[in-house]
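Please go over the structures that come below.
Two complexes come next, and they have one chain in common, subunit A, joined by subunit B in the first and subunit C in the second.
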Partner chain A sequence: MPSCDVLVAGAGLAGLTTALAAADGGASVWLVAKGHAATHWSHGGLDLAAPPGTVGGGEGVALLARRPGHPYEIVAEDLPAGLARVRRALDAAGLAYEGDLASPHGRIPTAVGATRPAGVLPGAQAAARAPWRPGEGLLVVGFERFRDFAAPAVAASLARPLPWAGAPRPERVTAVGVTLPGLAERRNLDGLDLARAFDDPSWRGPALDAIARAVEPHRGDGELRVAFPAVLGLADHPAVAAALDARLGGPWFEIPLVPPSVPGLRLYEAMVAALRAARVAVQVGFAVSAAIRTPDGRVAGLATAAAGRPFPIRAGQVVLATGGFASGGLVATADGRVEEPILGLPVEAPPQPAWLAPSMFDPAGHPLEAAGIRTDRKLRPVGPTGERAERGVRIAGALLAGARALRERSGDGIAIASGERAARLALARTVGALAVPSGPVAAGPAAGPEGRGAR
Partner chain B sequence: MTPRVLDVLVVGGGATGAALLRDLSMRGARCLLVDKGDFGTGTSGRNHGLLHSGARYVVKDEISALQCARENAVLSRVAAPAIEPTGGLFVATPDDPPDYADGFAAACARAGVACREIEPAEALRREPALRPDLRRAFAVSDGAIDPWALIELNLRSAVHYGGEALAYHRLVGLQLANGRIVGAELADVRSGSTFRVAPRMVVNAAGPWAGRVAALAGAEVTLTLGKGALIVLDRRPVDSVVARCHPPSDGDALVPVHTVAILGTSSVTVHDPDRYAISPAEIAHLMALGDQLVPSFSASRVLRAYAGVRPLYLPRLDELQPRERAGLAADPAAAEALAAGRIDSRRLTRAHRVLDHGPRDGIANLVSIVGGKLTTCRLMAEETADTVAAKLGLGTPCRTADEPMGGADGGRPYWLGHRLAEREVAGGGDADLVCECELVSAGDIERFLDERWPCSLDDLRRGTRLGMGPCQGAFCTFRAAARVGERAGGRAATATGERGLLVAAGGPSPVEIGRVADGPEPPEPGDGPIGPALVDAALVGFLEERFRGVRPVAWGRQLQEAWFEAGVYLGVLGVDALVVDGQRPCLPEDGRAEL
Partner chain C sequence: MTPGAQPYLPPAAAPPLPAAGAAVIGLDVVRLAGFTADACLKCNVCNTVCPVARVTDRFPGPKYVGPQAQRFRSDQARSPQSARPQRVPRSPVTPLSLLEPPARPGGPGRQTAPRPLSPDLTVDWCSGCGFCTRACPAGVEIAEINSRARAVLRVQNAAPRLAGVPLRRRPLRDWALGQTDLLGRLGVPLAPLANAFLGSRRLRSLVQAVAGIHRDAPVPRFAGRTFRAAWRRAGHPLPRPGAAVSVGADGRFPRPDRAVVYFHGCAANYQEPRVAESVVAVLARNGLETIVPDQVCCGLPLISNGYYAEARRKATRNIASLAEWAAAGYRIVTASTSCGHTLKAEYRTMLDLDDPAARSVAGATWDIMEFLADLHESGRLDTQFGSLAGPGGTARPLLYHAPCQLRSQGIGLPALDLLALVPGLEPIDLDHDCCGVAGTYGLKEEKYEVAMAVGAGLFDKIRAVDPARAPAAACDSETCRWQIERATGRPTLHPVEFLAEAYRAAAPSGQRPADGPGPSVDDRPADARGAPPEPGSTASA
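Take a look at the complex of A and B:
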């Protein structure tokens, strides 16, 4: 049976951050997950906190941290270190992000011609947040035969004041369609198909030429910013971005789309690359079913399954970052119960009749969003009266109770901060790694092809 | 301006109104149909979609049973493209009264409803998901009917014969003089403008709103409204309609409809056809009943819940037929009520009734059609049209039972794989999929928009099944809204001539049928009713409508789906920035989610 210092369940941003922080601290780490997580359908930016009435992420985090029972009440102090760690990993993969806790939330265009507040963004989206200067226009580029981005409709919507909610906006918004080489006969193209096409240098050249030709006539007297659907390369995205910079010679940005999210996949791949570099064993497709326990009941690992066989992993510390309802970390039943399916942890949840507001768009969000596992300050699960519910386990990410992350736009920040904190606390209990460096420690000798995790 | 003269104004675009428009148009009358919403948004679009064989009614209501049996055969012939001839099974389980099955078989024989008892083992071979301890099983000719397809077939046929139909036009007033209706005021609910027509006859086919329409002429029509809630499964555990062999009650049929299956209904009396909610108790009850038929039922994924109201006419004492009077007298409680001058509605037949308000209320040119069932909508229309034709002096007989609808290939019923077969045609000119769950292509969407623009995504759903599958709109809403957006932005100039009207198909050039002489001018393109604001409304409205149906069944996989959808539409797409208070047109009221 493999064993490690820290075993993380869940491959979303919380699990990835936990594993990276634990590995940076010198622990041997395994990360197992049933499947991919919210990274694959999110926008690729990092939503720290943008509750209504706040102008920047730091202010948003501070506001939420003052709310009793909110995860930030416990983990906000770990956000700067966690964010720095994640940024370093992304930088190393050539996926530089821009913005931090001090950045104001700009309103950036979305693929339905709305806008959303955004603080920390991948480089390819960052130009969307720069203030619009007098006379500056926006050109929305669409690709023929690509059904998930309708440039004319996006432009028509963004030409109005309504979507900008009072924020500065471009003086004029226009759209242009580009026919990309060889795709005229393709059906049901999705963002990944296009991103992989852009990864191919021999296809990319003519495609970028066609784009540049289509954009050129739209350059008038004023400045112009150009928006593209977020499909500009996956594995080779930095090269695509550099080539586009050279062709356009002016600012451009990507607009994220419905799943599969190319910017989200880039984020995930960059984090996994950092984990592998830090010799974390990353195993996606390993569904976790239960805990392994010591004779006195403490959690000492997880029972997983892969290829139809049980695959138990022993660990000194377990971090559960299995997500909320969307990821299956929480499950609601027809008869009104909310369950945590792996360990059966006690879940804090509103009574069923109050789960959902009548409107999908209720400004307060839905009460059920706040459901999750209540923890102590060390992220250890507790029951309704504050008693310890389980030993040997910490909770990170969307599984934590108390946030309405969608409306607060706080999900990524909570994931990063709680992952950082869970790792720090787990390391403190791990033999040989009492000090937590903020960056990677010198890598020791590898234990095998799976990295030092498989010892 | 002089109001346009019509032979008949039909109020209500449900199955009956549409069939009536067809019937009267075939007889040569100049007719206009109006509905305050889209066609088929009332009771017609909020039921099982069950084409009754009549077996459900044989024991208690022989008249309804006979009518259903006859109309089942007629619709299967003339409205085949709207029907899936699934066949039906009535099964007796250990939870059902054992003696009912004997009475049931005898009553079917007596009423002439085709029914053949088969071995339980054979029933289980046919439907392996049914509970294994069936006591008895009877094969009948129940089927599935797509109410929106049926309505569209009728409207298209009506248009072919010169009829006109206007969605989103509400009858707001009737002018009477000397015991006749001399004018009708209609309001375009989307633009707010009003205009008048002068009909020689008005037919009230407004279903649960029939009392309100009659009241506009000063007549009283009393209805008992029975709400029925239904739930939709993400699959077809059965391929036949399956009903319990017991006295009609809640949850008594599971109907495979296209890619899903529908179980219902509950029955709760309500007072307002616009406002009713589905209670958690109703849902729990339906789930338990489902498990009594199909053991895996409650482990399946429930996509959504919705409800409709059955409008049951409460006759005046002097309108009771001898047969009804005898039926009431036979029941002690009902007899007591009758003696006191009241009618116990539970003891009344579900059959329909044509009310001639001339003799009844002194309004010579108003007729109401009340009660009835989806299965008998053509018969209801025929009887109503007979009354109307007599008043108009039209001698032409009804031909709706003879002439098939649906053009050259109209003779074929639909089948589960029909969409896939269409999509797999070589070349696939319109095979880009907008809705993957229901295989709705870009071509399907564009054809609908060509005819019905401007319209909501919800209208599009009824026309194409967009968003009716497992993801409940998570992927297609975005794509369909973009198509609407392209119309609103790039093609607004060409759209201004059309105002959400059904146009005739088949002719060399489409004939617009909604042009009313003094109708309002269509709005200019831009950020008005046609423009990005329309897209906002389409997107927000559709997401809200789909959410409304998911909310009562938000647990397990469907809650997971709803959470995912919220993550995409709020988190990635920021749709909340487009929500403007009060800007959700063309949406049903609370609790009125549809299939």
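Take a look at the complex of A and C:
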């Protein structure tokens, strides 16, 4: 049975941050996940906190941290360290992000022609937040035969004052369709196909020529900013961005699309590259089914549902970062219960009659959104009266109770801060102090510190 | 009781737990793989990891052929076990025609021609590699849904048969690719002739024309003698099916803590006995005897070519033989990741063989690398490896590809850690999804180009390393080894062969370990292993 110091369940931002922080701290780490996470579904930025009424991320975090029962109440202090760690990994992959806790949210365009407040932004989305100067226009570029981004509709919507909610906006918004080479023969084109096409230098050149030619006639007297669907390269995105800079000679930005999110994939790949460099064993397709326990009931590892029989992994410290409902970290049953399926932890959730708000756009957010596991300050799960519910486990990310992540735009910040904190606390118990607990689960002498496949 | 409340038992004694999905929703999703489609979020994550969709637009991707198309499959079309051949209407199938009410003789609804069982023929492009299933956040068993749908396509396009042999070209080809046992039994006695045949480009072109197997696709050469024959000659027993497993002092076989049961599969028997030999030698070095039980092809090539009924017959025979050993407490090891995954999972998930015997076999089966890693983790592996360093003692990079059938077993990449124990070897994970061949997929003339495109990144990574520095590559799956070797010219061996070699290097010169590897049935000299390729040393020149 392989063993490690820290075992993380979940490959979302929370699990990735936990694993990286633990490995940076010298622990041997395994990260297992049932599948891919919200990274692949959302915009690739890092939303820290933008609850209504706030102007900047730091202000948002401070506001939420004062709310009793909100995860930021416990984890806000770990956000700067966690954010710095994630950004080091992104920098190393050539994905320099823009913004920090001091940046104002601004309002940036979305793929349906609305706008949203932003957190820390991928470099390729940063120009969307720069203040609009007088006379400056926006040109929305679409690609012929690519159905996931309707440039004319996006431009028509953004030309109205409504989506900008009073924020400064471009003086004129227009759209142009570009025919990229070779796409006429392509079928089933999605954003990922285009991103991979841009990765190919021999295709990229003619494609960027076509784009530059199409943009040129739209340069009038005033300045022009150009928006693209977020498909400008995957593995080689930094090179695509540099080439586009050179070709356009002016500001441009990407608008993230429906899943699969190319900016999200870049973020995920950058984090996994950092984890591999830190010799973390990253195993996707490993669904945790049960816990391994010491005779006195402390969690001492996890068993994943492998072919034929469960695959046990022993660990000194376990961090559960299995996400909320969308990822299966929480499950709602037909008879009105909300469950945490791995350990059966007590879940804090409203009773079923209150699961649904009368309005989809209720300003308070969705009632079930705040469901999750309640913890103590050390992120250890507790029951309704504050008693310890389980030993040997910490909770991170969207599985924590008390946040309305979509409403508050706080999900990424909570994931990063709680991951950093969970790793810090686990490290304090692991490295040098406690290795792997002994007992019947230890079938033989403890294995070396290196987990299997740890490269 | 929540699953978390169950105490963990050591694998040997533990009843197999259901898959996580089953624990979550309380259904036996293993048998109901098709119904996991209902959990699909339409998030497209599966499409981001599919190696086939990455290289061709002909395949729309796992989401469309899996959970989406599943909604249009009738109950019959979901189950290859019960699907019956059906005449396909001549009129083209359109999405609208599929929405028409089913024809019920004499019943209400418009009378229409019989509809095809399968709404989407492009599912045939799925190679079955399983990346989609492993990436899906919602637990949709996409690859499993696709495999069943492909089997139904096969039934739908059934050709007339003569003595069980299909009479049309591609059904014949697909059937023949499943007959690894039959081909092995014919090929080994005729090895020189068969190998010359397979090595001839002109004859391979003929095979392509007649049977649709691409002339450049990798096919292995037959060994001069099967592993089983060599094993018997060396005086080892080959227990018959049903022979009572007699264990202990008076029995013929050592106790389960002194021996393991070895499922060699087809490749190690007919084509690569040197792999079997290495398994025996490595086990012997660790004080474990090898028992070679009665067995036939695990059935995977039949499953992936849609011949479920025949696969089931093979499976039933293997289960009957292996369950006895499992019941007596033996671990079953295999060095074929395909066989391993089939014994562990596909008998249940694909063939619906879900009785206690099948479960006990699944629970007792170990990949050889998983088994050795387990020995190591409990401090019982002999780690006195000799050095495999290059000239002047320089460490050699060993380029390692993890095959999909290993990944699907959910046991990590144990070979990497074991190879790292060998002085002078620096295992490097090539970190590429798929070599393209996916069992028999890449052999088919219409799939060959797609398969080569899927593996191109892997081949480039191998070619980028000078053969003088890294004379050989490693991979746990036979068909992937052949594909990599054919595409790059780099000899590609099973990781266990490197371990056996390292043990040999540790033994005093000229002396083999006491419980030696038995008779040499290798089809190429030992010192040719790891050397740069000789012209014509790959499967087909």
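As a convention for this text, the second predicted complex is superposed on the first by the 426 of 455 C-alpha atoms of A that agree within 3 Å, B and C clash if a C-alpha of one lies under 4 Å from a C-alpha of the other, contacts with A are read in each partner's own complex, and residues count from 1 in each chain.
Throughout what follows, a residue touches a chain if its C-beta (ideal position, glycine included) is under 8 Å from a C-beta of that chain, and two chains touch if they have at least 3 such contacts.
Predicted model only: the values in this text are computed from it and were never measured.
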Touched partner set for A:R394, first subunit B, second subunit C, both or neither: neither
Partner chain in contact with A:A281 - subunit B first, subunit C second, else both or neither: second
First, second, both or neither for A:A307, with subunit B first and subunit C second: second
Partner chain in contact with A:A326 - subunit B first, subunit C second, else both or neither: both
Which of subunit B and subunit C A:R147 touches, first, second, both or neither: first
Partner chain in contact with A:R266 - subunit B first, subunit C second, else both or neither: neither
First (subunit B), second (subunit C), both or neither touched by A:R424: neither
Touching partner for A:P2 - first (subunit B), second (subunit C), both, neither: second
Contacts of A:R404 with subunit B and subunit C, given as first, second, both or neither: neither
Those residues of subunit A which subunit B touches in one complex and subunit C touches in the other: 41, 187-188, 258-259, 326, 328, 331
Of all residues in subunit A, those that touch subunit B in their complex: 38, 41-43, 47, 107, 110-116, 145, 147-150, 152-157, 159-160, 162-163, 165, 187-188, 256-259, 261, 324-326, 328, 331-335, 352-353, 355-356, 358-361, 363, 368, 406-407, 409, 411
Contact set on subunit C toward subunit A in their complex: 2-8, 10-11, 14, 16-21, 23-25, 41, 43-45, 47-49, 54, 57, 60-61, 64, 133-139, 340-341, 343-345, 362-363, 365, 373-374, 376-380, 407-414, 416-417, 420, 427, 429, 431
Residue ranges of subunit A touching subunit C (in the complex, touch as defined): 1-3, 34-37, 40-41, 186-190, 192-193, 196, 258-260, 265, 276, 281, 283-293, 301, 303-312, 326-328, 331, 339, 341-344, 441, 443-445, 447, 450-455
Residue numbers on subunit B that touch subunit A, as the complex places them: 280, 284, 287, 298, 428, 431-434, 442, 475, 478-479, 481-486, 488-490, 527, 531-533, 535-536, 539-540, 543-544, 547-548, 551, 554-556, 559-560, 562-564, 566-580, 590
